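Below you'll find a set of structures to go through.
You will see two complexes here that share subunit A, one where it goes with subunit B and one where it goes with subunit C.
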Partner chain A sequence: LDYQHVQVPFEITLWIMLASLAKIGFHLYNKLPSVVPESCLLIFVGLIMGGIIYGLNDRSPPVMDTDIFFLYLLPPIVLDAGYFMPSRPFFENIGTILLYAVVGTIWNVFGIGFSLYGICQVKAFRLQDVSLLHNLLFGSLIAAVDPVAVLAVFEEIHVNEKLHILVFGESLLNDAVTVVLYKLFRSFCEMPTIKSVDIFAGVGKFFVVGLGGVLVGLTFGLTAAFTTRFTKDIRVIEPLFVFLYSYLSYLTAEMFHLSGIVAIIACAMGMKRYVEANISLKSHTTVKYFMKMWSSVSDTLIFIFLGVSTIGENHEWNWPYICFTVIFCLVWRALGVLVLTFFVNRFHVNTITGKDQFIIAYGGLRGAICFSLVFLLPDFHRKKLFIAATTVVILFTVFIQGMTIRPLVDLLAVKRKRESAPTVGEQIHIRFLDHLLAGIEDISGHWGQYYWKDKLEYFNSKYLQKILLREHDQPKSSIVLLYEKLERKHAIELAEAGQLGHAPSHPSLLRSGRLCSNNARTAIMDQKLEDTLNPDVLENIQEILARNLYRIRRTGPAYNRHTLPGETEPVEHAKEILMLRHRSL
Partner chain B sequence: LDYQHVQVPFEITLWIMLASLAKIGFHLYNKLPSVVPESCLLIFVGLIMGGIIYGLNDRSPPVMDTDIFFLYLLPPIVLDAGYFMPSRPFFENIGTILLYAVVGTIWNVFGIGFSLYGICQVKAFRLQDVSLLHNLLFGSLIAAVDPVAVLAVFEEIHVNEKLHILVFGESLLNDAVTVVLYKLFRSFCEMPTIKSVDIFAGVGKFFVVGLGGVLVGLTFGLTAAFTTRFTKDIRVIEPLFVFLYSYLSYLTAEMFHLSGIVAIIACAMGMKRYVEANISLKSHTTVKYFMKMWSSVSDTLIFIFLGVSTIGENHEWNWPYICFTVIFCLVWRALGVLVLTFFVNRFHVNTITGKDQFIIAYGGLRGAICFSLVFLLPDFHRKKLFIAATTVVILFTVFIQGMTIRPLVDLLAVKRKRESAPTVGEQIHIRFLDHLLAGIEDISGHWGQYYWKDKLEYFNSKYLQKILLREHDQPKSSIVLLYEKLERKHAIELAEAGQLGHAPSHPSLLRSGRLCSNNARTAIMDQKLEDTLNPDVLENIQEILARNLYRIRRTGPAYNRHTLPGETEPVEHAKEILMLRHRSL
Partner chain C sequence: SVSHSQITRLYSRFTSLDKGENGTLSREDFQRIPELAINPLGDRIINAFFPEGEDQVNFRGFMRTLAHFRPIEDNEKSKDQNGPEPLNSRSNKLHFAFRLYDLDKDDKISRDELLQVLRMMVGVNISDEQLGSIADRTIQEADQDGDSAISFAEFVKVVLEKVDVEQKMSIRFLH
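Showing the complex of A and B:
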């Protein structure tokens, strides 16, 4: 037996296997995941495993390695989040998100830091040796909302898109602020005196870290798009580039002490559009599937490790400090959301309601990022107290808030995600309004989001597409695409109907038929429109389209100066379409 | 700048990126890969990179780490090979393959070892200090044909299936022999005296290592199949299990000093059938795509590293030893193939021709496995000589043999892979003959391959399928599946034909149409039949099927005692099918 030799890959594989099997286990009992969020179940599994390891070895189980977390577990989750980010609501609310992420986080850091320092002054609590700087440092790591925890809970409760993007966007973008503040306070802790220059430098760093991340991300994203122009002959390595470039953007940003999370999101959002157009359909399925798979595994491992690491002797218990930390985290977040939303609502027509504000404040979950940062703290005599407080805050937010947020959403009747997607009519209207508003903004001289969006789109189609896309022909109108898709779907249904009358294995045919039409759908359009139509509406649309598009075709290329357009009746058209089909039989 | 922190993942990502970009580079010039095999080009890139590193640092570039090779680079390639192994020709020729792999390899090892020992006795060559055991040890590592090198070359020259599986199967299965002989001689080198018991133990080990590998592989493979029974609710982690279990089988086998390659092949071949039936179509696309991608990247990295590692000061040059090594490798392999084929041909009707024998002998390429093994040798004063000889043999086989094998195949007019796949008729006949032969074998009491195949199939459908498959309904006849597929394809074509008459963007429609029908094809049958029919044959078949299957349907469930079966004319049938379709309009 030679275990030493294979130990590293063997143990990694076993951990991933454990995580995957745990996931299967939860889903075998359908009731469990609908009550308790998966993140809680996974932490629970981790706690049990940690307890077993502790019991057997009689020493603390290994703590989640900070490097493993930041270099290997976090990037897949963020990449997945960035790649599947709904870009429209994100950019529509970018101002609000940035306000929450930057000002909100700073508010929380200083609020929590100063008020904990106040608590430390109470002699009865025996905390006088915790300095203000240490409290602020602790505040900077405990204040940030965690994207992994937020995603795990919010994906299950299906609140409306705007609410979701506000909380989730904040949790992603506050990374830049957290990185800067955390490093700033950590270096202050080690400095003998702090000059005002240092503080100004810290403020300047915000912009460098955030914008630098965006720049690094976009550079790699566009390079990735450019690379996929040349992969036509070796389709099989196409998905690789998506992963390699995103990961490189993350690592490069981390290397220069920029925000890796911001970089990888910018990279994913920047490349998505072009890569999708360049790579083959199967490559794209693989990319999407593998991204989801990787992020799901990472996410599972993170929560299990979180549970395992909680067990042990790393903690110093101090009731007042820990309780007040939890309270301050809740109170300052609530206050921050209230104040910031007050300002946001003054400048927006589409305001954030009181219920929404409550969910935003309540959804501020803490997770593995805090946990990793607290272990990265330089050694000082109260580090174990900070670890204990962080652990309690994470467990409190994930378990108590995570488990109660779903009932609360039900109770408050918070506006949910709409079940049926927008119809074609709505989509056309939205696009029409976008153009209209861009025009109005242009005339009125007010350069708002529509103006910039229009300019960006122009720049994209004029320059970027020509460089980054392999085939940059005119994009087809989405309505023509829809018509093609419906025609094809109908044809397949017809083919099956011809069989179904007497075919031996009815249900299996139906099943494969559904499969096929699903595939045909994916094949033809991979756009927003695609998975957004319900069958009733579809039939309606098809009828209208069949009539109108047919007429367009007739009046278009087949123009004849001896006949008037639209002379034939709709019924005639339908007949003629039928005839066309028969002829090809 | 904090490079230290991200160094490991950053450099790994960069190496993979380099490998992928090199691959893209070759394919941009279509002529290059058609003359020079990709493996040669990649080694060449590696040589250049090694030269640059050597020139800049003025010391030998890092040598490919043996652990990295055996633990991370080799498994994906072998997994891919095992998963896509054409099982019919493999099992039909298993006897011949095993003979080549076991007896052939032993023959080569002892042939090369003893004759090199003979060379060492010539005083003028100054090699008297190389003992017989060291020569045999060297023989054991240089004798084995390398699956990675063979695959890289044989995938491009398209020889007939039998020839391909003979060379490739041998290169995979000789791993067990190589492992045993290599470890045996290595331990003999360190022993003071060798008893005859040790030699017998060595012979026994063959069976343990080989059969143990198969056992470990099958265990993990069937466990994987069983696990995928329960993944219905979390499709997204399905592909993971395929990779995790295969990798675990490899690591477990290596841990117990069994043959990891044999284990992973047994695992892949064992699980494939059941996993495919259990997991979703998209998961399966992802599995296939990712396997190909991973193996392609591993393969690329191996050849580049091979090139890089060649440069440097690890070599001791001795003309006679190195030249005679190359000559003996060629001669003993040729002799071995001749002798073994003589015996094989006496027992087979379908003989191996002289041309085939030449290609089998000539296709015995050496590669990265030898290279890794030679670096694993215990330190002794002539190790650098062995390294030099191994490097030369590898470069000789990959460059000279790899580049000339294609012209030779053309020149000799070796039977190629048939362009068009077997027709439905052929397939039905093959299956019919299988059943017939199984019956004959059963009656005559001769338990040959058909008898065992039949028994295995029975055991599979009676027990294994019930345990391992989620839905174990009667499998549909492949001819019914084909009919469904053709009907659907035709329907899609019809739908497009209706548009093509006047539609504005003809070529783009055609393109998307092709896409869709490709998808529909994949959707419906993922079997051998699928990508094996050319369009002319297809139409023909469809006509016949349409008529006949329709009649079967009529005479089947719609049986009526007042009419005779087959009363209506074929033309009537076609009409009736048409009517059925119209009604559903």
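Showing the complex of A and C:
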């Protein structure tokens, strides 16, 4: 038995296997994922595993190595997020996102840091020796919202596209702020005296870190696009380039102490449209699938490790400090969101409602990034206190906030409906007006900083495309690609049915069983509808409309962790609309 | 009255849409906007820009149509009632929407016109029968003079019940 020889790869594979099996297990019980978010279940599995290891070996289980986390587990998730990020809503809301990410995080850091320092002054808690700087350092790592955790939970609750982008974009971009503040405070801890010059240097460093990350990312992204121009004859390794360049951009940025997360996102967003035009269809699918697969595995492993690392003797349980940390995290985030939203709403027509604000504030989950950063802290005598506090905050946000956010959202939605339900006519006319306004907005170019977008498009078509694309024709927009895909599919169907030249009757129009519910009232729909004042029929109509009216483009999630883009409902609707219009031409 | 900066902005949008660079927009120029292609009412909205029977719209026409969606400023509300009604008054906004339904311009939304719009807005999983009953219900709720069609006054009444027209049908052209 030569275990030593294969130990490392064997154990790694076993962990990944455990993670994947756990995932299958959850989805076997249909009800479970809707009540408890997947991340909670994974942490729970991790806790059990940690307990087992602790019991067997009678010492603390392996703590997740920060290097493993930052170098291997985090990049796939961020790459997945950046690659599939719908760029139009992202750039439309970039101002708001940056405001929340930068200003909001700084507000949280200083708020939490100072208030915890205030708590430390209270003699009864025996926390006198935690200095202001230590508190600020702790604040800087606990304040940041974590993209992994946010993603995991936001899928379960269905929020509209704009809100999703806001929280998600914020959680990704605040990495730059976190990195700078964390490193700043840590270096301050080691310096005997702090001059104001240092503080200004810190502020300047923030810009360097953020913008530097973007530059690095874009450089690698454009190089990747350029490389794929020449891969016509070796299609098999095309997907590899996407991953190699992205990972390199992350590592390079980390090497220069810039923000790796921002770099990898910039790389993914920069190279996406050129690479997709250059590589073959099969490579494209491969890229998408592998990205989803890797990010899924990473995600699962992170939460399991989080659970495992919680068990053990790494903690010092000073309950007042811990409780106040949790409270302050919630309070300062809520305040920050309120104040910032107040400013944002003054400049935008589409205001962020109270319900949205609640979701943004309550959905600020902390996750594995905080956990890793706290282990990276230099060893000083109160480190275990911080570890304990971080663990509790993460568990609290993931479990309690994660599990309750959906019921609370539903509750809020219900509370709004104090006014009478709209009649059928009102519903139709309102939706009609919604579509009309969306169309007019698109025509007037209302959304977003159109001036810059135009400039970028001009620059793109004049220079970038010529260099980066293999063929010199216009890269097709996603709508056109979709349309072509539909045409191909349609042609294949026709050929198979042997009916070239005839439009097949749409099978779904004949499907009346769609509304089958256990309710016997639906039987009425199949009969001739003579009495439309029948209240049963009315309820059915409401149900039909609610389910079938096309949504205006601003609602509905655009990004889904578990399905590939192109398989979600809004896209299905878009296909139907395109088909209808094609037939009417 | 539209402000100078708004005009400049709209003009730059007009020129960016005008790919043929001949100072007018054709239907193809509008159809090039990708979001419009998947808007269920896309074709009708585009048609609203073009005057009767024409295929080109110049900047003046473009602006005139968009002017319907200007927000109603507070100081305009108290203006004297003797002058011509501004394009972005509540009544004109609603008229614009009504005209999108009422293709034959008889000042009534007939059952057929309603059915057409419904079919555009609703998925393919609804049978003609179900759609017909929805249309019947809509007309029944709104119809007050018993002509089995929705007149402009009836339309306005239904919409104003739930919709703040000034808010909903306005776009701030500048951030």
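Please note the rule applied: the second predicted complex is superposed on the first by the 438 of 585 C-alpha atoms of A that agree within 3 Å, B and C clash if a C-alpha of one lies under 4 Å from a C-alpha of the other, contacts with A are read in each partner's own complex, and residues count from 1 in each chain.
By definition in this document, contacts are C-beta pairs under 8 Å (C-beta built on N, C-alpha and C of every residue); 3 or more make two chains touch, one makes a residue touch a chain.
Please read all numbers here as calculations on a predicted model, not as lab measurements.
Peer 1: State whether A:5 touches subunit B only (first), subunit C only (second), both chains, or neither.
Peer 2: Only subunit B; A:5 stays clear of subunit C.
Peer 1: Does subunit B (first) or subunit C (second) touch A:305, or do both, or does neither?
Peer 2: neither
Peer 1: Classify the contacts of A:439 with the two partner chains as first (subunit B alone), second (subunit C alone), both, or neither.
Peer 2: Once the two structures are laid over each other on A, A:439 reaches subunit C alone.
Peer 1: For A:324, is the partner it touches subunit B (first), subunit C (second), both, or none of the two (neither)?
Peer 2: neither
Peer 1: Using the superposition described at the top, determine whether subunit B or subunit C touches more residues of subunit A.
Peer 2: B
Peer 1: In the overlaid three-chain picture, which partner chain does A:20 touch, first (subunit B) or second (subunit C), both, or neither?
Peer 2: First partner only, subunit B.
Peer 1: Taking the superposition as given, does A:255 touch the first partner, subunit B, the second, subunit C, both, or neither?
Peer 2: first
Peer 1: Where does A:90 make contact in the superposed view: on subunit B (first), on subunit C (second), on both, or on neither?
Peer 2: neither
Peer 1: Considering only touches as defined above, state whether A:431 meets subunit B (first), subunit C (second), both or neither.
Peer 2: Once the two structures are laid over each other on A, A:431 reaches subunit C alone.
Peer 1: Name the residues of subunit A shared by its contacts with subunit B and its contacts with subunit C.
Peer 2: 480, 508-509, 512, 553, 577-578, 580-581
Peer 1: Touching subunit A in the complex: which residues of subunit C?
Peer 2: Those in contact with subunit A are residues 10, 12-13, 16, 30, 33-43, 45, 49, 66, 69, 97, 100-101, 117-130, 132-134, 136-138, 140-142, 155, 158-159, 161-163, 168-173, 175.
Peer 1: Would you pull the subunit B residues touching subunit A in the complex into a rising list?
Peer 2: Against subunit A, subunit B makes touches at 1-3, 5-6, 8-10, 13-14, 16-17, 20-21, 23-24, 27-28, 30, 67, 71-72, 227, 230-231, 233-234, 236-237, 239-241, 244, 247-248, 251-252, 254-257, 281-283, 285-286, 289-290, 292-293, 296-297, 473, 476, 480, 484, 487-488, 490-499, 501-505, 508-509, 512-513, 515-516, 518-520, 522-524, 553-554, 556-558, 577-578, 580-582, 584-585.
Peer 1: Could you list, by residue number, the parts of subunit A that touch subunit C in their complex?
Peer 2: Result: residues 347-349, 422-426, 428-433, 435-446, 449-451, 454, 477-480, 506, 508-512, 514, 525, 529, 532-533, 537-538, 541, 544-545, 548-550, 553, 573-574, 576-581 of subunit A touch subunit C.
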